Structure formats: structure tokens, C-alpha cells
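Chain IDs A, B and C follow the sequence of writing; residue 1 opens each chain.
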Amino acid sequence: MLALGVVLLWVGVVVALPLAALAALSVADGPLGFVRAVTAPGSLAALGTTLLLSVAVALVNAVLGTVIAWVLVRDSFPGKRFADALIDIPFALPTIVASIVLLALYGPESPAGIHLNNTRAGVLVALAFVTLPFVVRSVQPVLAELELDAEEAAASLGASNWTTLRLIVWPAIRPAVISGTGLAFARAIGEFGSVALIGGNLPGVTQVTSQYIAQRIEVGDPTGAAAVSVTLLVIAFSVLATLRLLARGQRRAVA
Amino acid sequence: MITVTGATKRFGDFLALDDVSLEIPAGSLTALLGPSGSGKSTLLRAMAGLENLDGGSVVIDGVDVTHVPPRRRGIGFVFQHYAAFKHMTVRDNVAFGLTIRKRPRAAIRARVDELLELVGLAGLAERYPDELSGGQRQRMALARALAVEPSVLLLDEPFGALDATVRAELRAWLRRLHDEVHVTTVLVTHDQAEALEVADRVAVIHQGRVQQVDEPLAVYDRPANAFVMGFMGSVARVGDSLVRPHRIALRRPGGAAGVTTPPHGDGVVTVPATVERVARLGSETLVELVDEAGQRFVARLPRDEAEALGLARGDSVEASAPRDPATADFIDYSI
Amino acid sequence: MRLSLPARLGVRTVALAYLAVLVALPVGMVLQRALAPGLATFWASVTTPAAIAAFNLTLTLLAIVVPLNVILGTVTALVLVRGGSFRGKALLQAFLDLPFAVSPVVIGVALIALWGAGGWFGGLADAGVRVIFATPGMALATAFVTLPFVVREVEPVLREVGDEQEQAAATLGATGWQTFWRITLPSIRWGLTYGTLLTVARGLGEYGAVLLVSSNLPGVSQTLTLLVHARYHDVANTYGAYTAATVLMGLSLATLVATALLNRTRRHP
């Protein structure tokens, strides 16, 4: 069909070919060159910073995101709709705007005297901002669907709140929390725009892998940039693939 | 007139139509009757061009349309779930075929009004399909199909999605419509009562093959094989003969008969049996019987007849029925 | 689970405090800083030649990418839903989801790998057709990140509507085109609009990929997002960065509001 051909051409030119070229470029200096580029001190430092901060942020948002989802579903108070709308803002804002926005409150001109620019804490805040919606929006619908009778039955049988949470609520929302956290992590490791200004791009301290890659391009080392890029992609894909396998496994366990 | 010759259609490994040949007389209302999976819908859709045949041909009014797409076959099609254009009003739905043929606006308006009058939806032209009941939606679908004056009208289980009362009303209404409009009509149904009530001719389809084609009552009285017999109505096995339950007469052995005199002599089969259960259904009574060989069968008696006999569980009776040599020896595969 | 009042208030406070500190207060801060000196000053800051050029470039990129996505996204959805099975369908589906998982910087590097001087299509640069460090490259970057939205919004709608209406139209005499215009398109209009809005929002917000493939010259090859960065980072025009960011925020939030309104109409048509 003509239509299929056009579609394949479009997706091919826009997505598939660039990624294929990337992969090819990454091994332009041979497999040894690839390894050398990825294990260069700057690269390793950036990867270390990235992974450390991304895991931290994923966990923070896993907990706080679940708490927020709980409050939005089970609690009621004036302004709840406004709070719910706030969750969508990180999704809707351009990443560079997120950076500016956070700098306004936590940067050099902070009215509260909190100066997080050029610190890892600043990068953490930026990553927390952009990944906030993932866990919340993943858990919210599951929590909303959860029928209260199971919890009421547990209470009538003498279970404390903590027990009910542990044995009834948590197993039900666990898949959503895991998937949301995984998506948050995958987003965090590739994040660029929001950390660009607040992080300060200090190698070994606040430079994340995406910034390292950009630097490699600037100094005229596209092959190195490609190698580290491929590494980042592999990590992201592995996380997402694991998530999908986990989801399928859990579905089978329930069935 | 539609002539289907040697139609064959496969879906993967499944043979939906197996060398089917059928003639639909012009101006008739023919029912394609059969159970689910028999191939009747596939046959109808092949006539419409909504399915492509793997072999065979379809000729409509003398023109071979086997390789002609639906839009050029001059057919009208009505779907079980209405296929209403949800984003258009009733008027625009009915007018669709005329609108795309670029007919003048005034002519379209007049024809739509005429059709809405015909199908009884006169005041509802500006409504949307989701504001109509199921029966109304189906009548709109019919009006829409008739708008372009098709030479053939094809209906795919048109009343299947409606509840029983509406179904009964629309059945009768369809027959009246056909008597007025006289378009060659083919109706797919799995309901033999519907076919008996509405159609001029019935084609019974089973496992992708035409089992029998005849007038409805002929198919009922003189079925061609056990499947047709069992599909057109319930059957009972008395002795070694297959008969219709309402033709079984009961009498107490040596004693008084019911209101009617039971048949006797050659061409009649009689077995002694014991009453297992009596179910009073209002105008009819079902009597479940078991004969000496342990074979179970059910007799249907008119209420008065059953009451005159005063049957109860455990009673011994003589069951007899006329034995039609044409059908009595069918091997009944039904459960 | 019924939480005691202190527990419930405690949880609520934690949640709302987090939201305030992370989202509400920072956004409020930017708005305050941008608008405090007065509307005239604000206006002057967002209508400098560089700002207007940035605005125009952003709109140009959208003008290229949005129609492409609307048309090709709809065709892709049609192929996926009505096209039956074909070899490579699963692969196509996977590629459609990729843009969500790839870091913007990686996208930039991939584009340079393909279209840049040493890349597979690098020959074009020698022939005088500039892709990288020119608008076509930036359009390709924007196209990459916005690829999934229209397809993923139209696909489920097409699936749900089913093709019976289209069959009915065929029996009534409609050609393929007539069926598409009068029956298929109206049936997917909500999904299509929603997908288009998402495309616009994502497109105007793209930063990382566009940064790498742009020559980043003020007034020439800076989008609004690049302008925000340049004002803060390159020329320390912090106020200018706030005002430009506010414009972008306004555009994004307008799109967000539009999608919210759309969702409400979808549920109560």
C-alpha cells in the first residue's frame, strides 16, 4: 500500500535512520574506541552523578508521588482541583522554562536565601520537578479504582491502618508505583533542559551525562558523544523493558 | 434477481462458504436462515461486496458484480448494529447516498421527507442517532438504504440487537414495507420463527452449504435432512421415527383417549411410555415421556387435551404419531 | 483505611507543602519577577528584534511540524488500525514509542550523525543543502520529539469507532475519499485535536535537541527556548530570561487549558 510506504518512509527518516546513524557513529573508532569513550573519566563521573541523582529522585518521587496521589484521591479540601492541576504543569512546561522557574526561587536571586545553583541539590530539585507527574498520574487512577470494601473488610477483621496499607492497599498500587518510578527514572537520566541552568554543569559534581554529551559535541568529539549516547539509550531501554516484563509477570500472577 | 454460483470463501483455515449456489428471485423476500457460524452473513456480505470471494461469482440483475466494489453494485445494506453516522442528524444520515451523488438540495429534502414518512420517523429528522431508540435507529438505517433506490436490499440480522417486543413489531413492519416497496430483499437471520413469519422463500444454510431452498412452510413440513428438520422446529423420537412433538397423541392404554382420536394403522408409530414430567405452559402442555427402552421424548399437547387426560408423573400411556417416510428415518444429530 | 484527623492533616500538609515548594511557588516567583516592573517593561522585553525573531522561528517550526504530524499521524493510525497485519508492524509500533524514551541531547547527536558533515547524508552539506545548523535540522529535531502524539491519540479512537460506518458508506455509494472526509475524519476529530494540541505543546517546548542542531545565533537561529537560555546564560539578562520564559509558560499553559476543556467536552458532548 502506498500509505504504508509513506508511513515507513516518514518514521524511517525522522526516527529510525538517525538512531541507526548514531549507533554506527558510536563505533566509528571500533569497539575499543567505544569503550574508551564511555570509560573516560569525565564520562564515568557524569554517569555516576546521573545515576545517583536519578535513583534518588525516582525514590523521592515514588514516596511523595504516592502520598500526593493518595491525598488527591482520598482526601478533600478547598482548592483540591487546583492542586490536581499543578501536577500537569511539569509535563506542559518546556524544560528550559522549568530551569528558569526553579532558579527564580532557588538560584542566586532567591528571595528566601536558598541558593541551590551549582549544587547537586539543585539538580535534584530540577529532576524532581520534571518527574513529579509520572508517579502521581500512574498511581491516581489505580487508587481511584480501588474499592473500599477490601479495606473495610480488613478493618472489621481487626487490621490496623498500617496492616491494611501493607497487605491490602500496597499490593494493589505496587505495579503502578513501580511503573511510574521506572518512567521517572528513564526520564531523569536523559534530562537536559531543566538542569542546564541550575546545575552549573560542573564536571564531576553536577554535570549529568546529557551535558557531558553536549560538551563532547562542542569540543568536536562526535564519536565520543555518540558512544555515551548509545550507553544512555541502552540504560533507558533496559529500564523500560524490565518494566514491561515486570508488568506482564504481575498480570500473569494475578490471573 | 441475484444469482450466486459456486461461491467459496475461506478465513484462514476456516471454510465459511463451500461452493454455494443460490438464486434469489426478483421482488422476493428471501431469508438466509442458519445457526451462528453457518456462513449466512458471509454469503450476504459477499453479495454486497463487503467480502471478496475466493471462488465463484455473483450476478445482480444480469450484471456480473463479482469484482465490483460495494459502492457500484446498486445495493442497500442494513447492519445488525445500525452503523449509524453518529455525527450526523437523522436527515443527513438518510440523505447521505443522495448527497454524495450531488443531487439537488430540494430533491434530496423531498425524498428524505418521503422516506421518513414511510418508515414512521417523520418528526425526528433533526435528532441525532444516539437520541433514538434501537428500533428507530434501525428504521433510519432502512430509510438510508432505500434512499438511493437500490435494486437489492440486504439485511444482516437487522433485529438481532433489539429486544423481543420491538423485534416482533419490526418484523411485521418489514413485511408490510416489502409488500409496498417490492425491492428484492435478502434477510439473514438465525431465528426460524422470523423466517417463517416474514419470508417468501427460505434458504437454510449450515456449515457453509445450502441445505434446502423452498417456501417457509415447505421447509418446515418437508425438511431435506435431519439438520433442517431440527433447526426449523423441535423434534421428538418415537420408537425409531423422528416426528414433530405436536403431532404426538397420547392415550391411556386400553382406556379413554383424549379429545382427539389418535391416529392408527399403517403409517403410524405407537410406543408405550411412562410420564416423567408434565409442564403446563399456558396454552400448551409439555409432557416429558420415557419409553421402555429408556429413550426420552417430549409431546406437546393443547391444554384442553392434556387436561382431559389428567396426566401425572408415573402414569403409563400409549404415544402415537403419524410416520412421514420422508422424514421419519433422519438420523437426529441434535443433542 | 480511615486515617485519624491528625494523620490525615499531616499527610495533606506534606503533599501540599511539596507541591507548593516544587511547583507553585517557583512558578509564582517567575511571574512576579517578570510582571513586577510593569506591563510596558514586560512588553518591551518580549518584543526586541531577537525575541520577535525567536517567536517567528518557533512558529515556523510548528508550522512545518504540526501539519506533517496531523496528516502523517492520521495515515499511520489508519495503517495500524485498518491495515491488517503486515511484516514489521511490531517494529513500527516500537519506533513510534521511542521518542518518549530518548534524551533530547541524544536526538541531537543522532541527527548530527545522520545529516552532519561526516554523516550518512553529509553529502548534502557539500552540495549546499544545509540541514544541521539550519532550519531543516531544527525541524527534524522537532519532528522527532512530536512524532508519537497524533498517532497515539487517534489510534484508540479509530479502534473504538470501528469500521462499520465506513462499510455502510461504501454500500451507499461513497468513494474512498468521500468516506474518509465525511465519515472517518469526523469520527476521529476529538482525538486528532487533542493530539495536535499535544504536538504544539511539545514542539514549542523542545530545547535540548534543537540546541545541538542549531547555530544558536540571536535573531537568526534561536527558538524561544534557546532565547531563554541565551538571555540567562550568555548575556546575563535575567529579567529578559524571565519575560521570555513567561511567554513560553503562557503558551504552554494555554495549550494545557485547551486540552483540559477538550477533555471535558469529550465526556459530555
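Brief remarks follow.
As a convention for this text, a residue touches a chain if its C-beta (ideal position, glycine included) is under 8 Å from a C-beta of that chain, and two chains touch if they have at least 3 such contacts.
None of the values given here were measured: they were computed from a predicted structure.
When chain pairs are compared by their number of contacting C-beta pairs, A-C comes first.
When chain centres are set by their Cα atoms, the one at the greatest distance from chain C is B.
Chain B and chain C have Cα centroids lying 55 Å from one another. Averaged C-alpha coordinates give centres for chain A and chain C that are 18 Å from one another.
One finds 60 Å separating the Cα centroids of chain A and chain B. Interface residues of chain C facing chain A in the complex, by the touch rule stated above, are 1-3, 7-8, 11-12, 14-16, 18-19, 22-27, 29-30, 33, 68, 72, 75-76, 78-79, 83, 86, 88, 92, 95-96, 98-99, 101-116, 118-120, 140, 143-144, 147, 201, 204-208, 211-212, 225, 228-229, 232-233, 238, 241-242, 245, 248-249, 252-253, 255-256, 260. On the chain C side of its complex with chain B, the touching residues are 164-165, 167-175, 178, 182-183, 186-187. On the chain A side of its complex with chain C, the touching residues are 1, 3-4, 6-8, 10-11, 14-19, 21-22, 24-25, 64, 67-68, 70-72, 75, 77, 83, 85-90, 92-97, 100-106, 109, 111, 125, 128-129, 132, 151, 155, 161, 164-165, 169, 186, 189-193, 196-197, 210-211, 213-214, 217, 222, 225-226, 229, 232-233, 236-237, 240. Residue ranges of chain B in contact with chain C, taken from their complex: 48-50, 69-72, 75-77, 79, 81, 83-87, 96-97, 100-101, 141, 144-145, 147-148.
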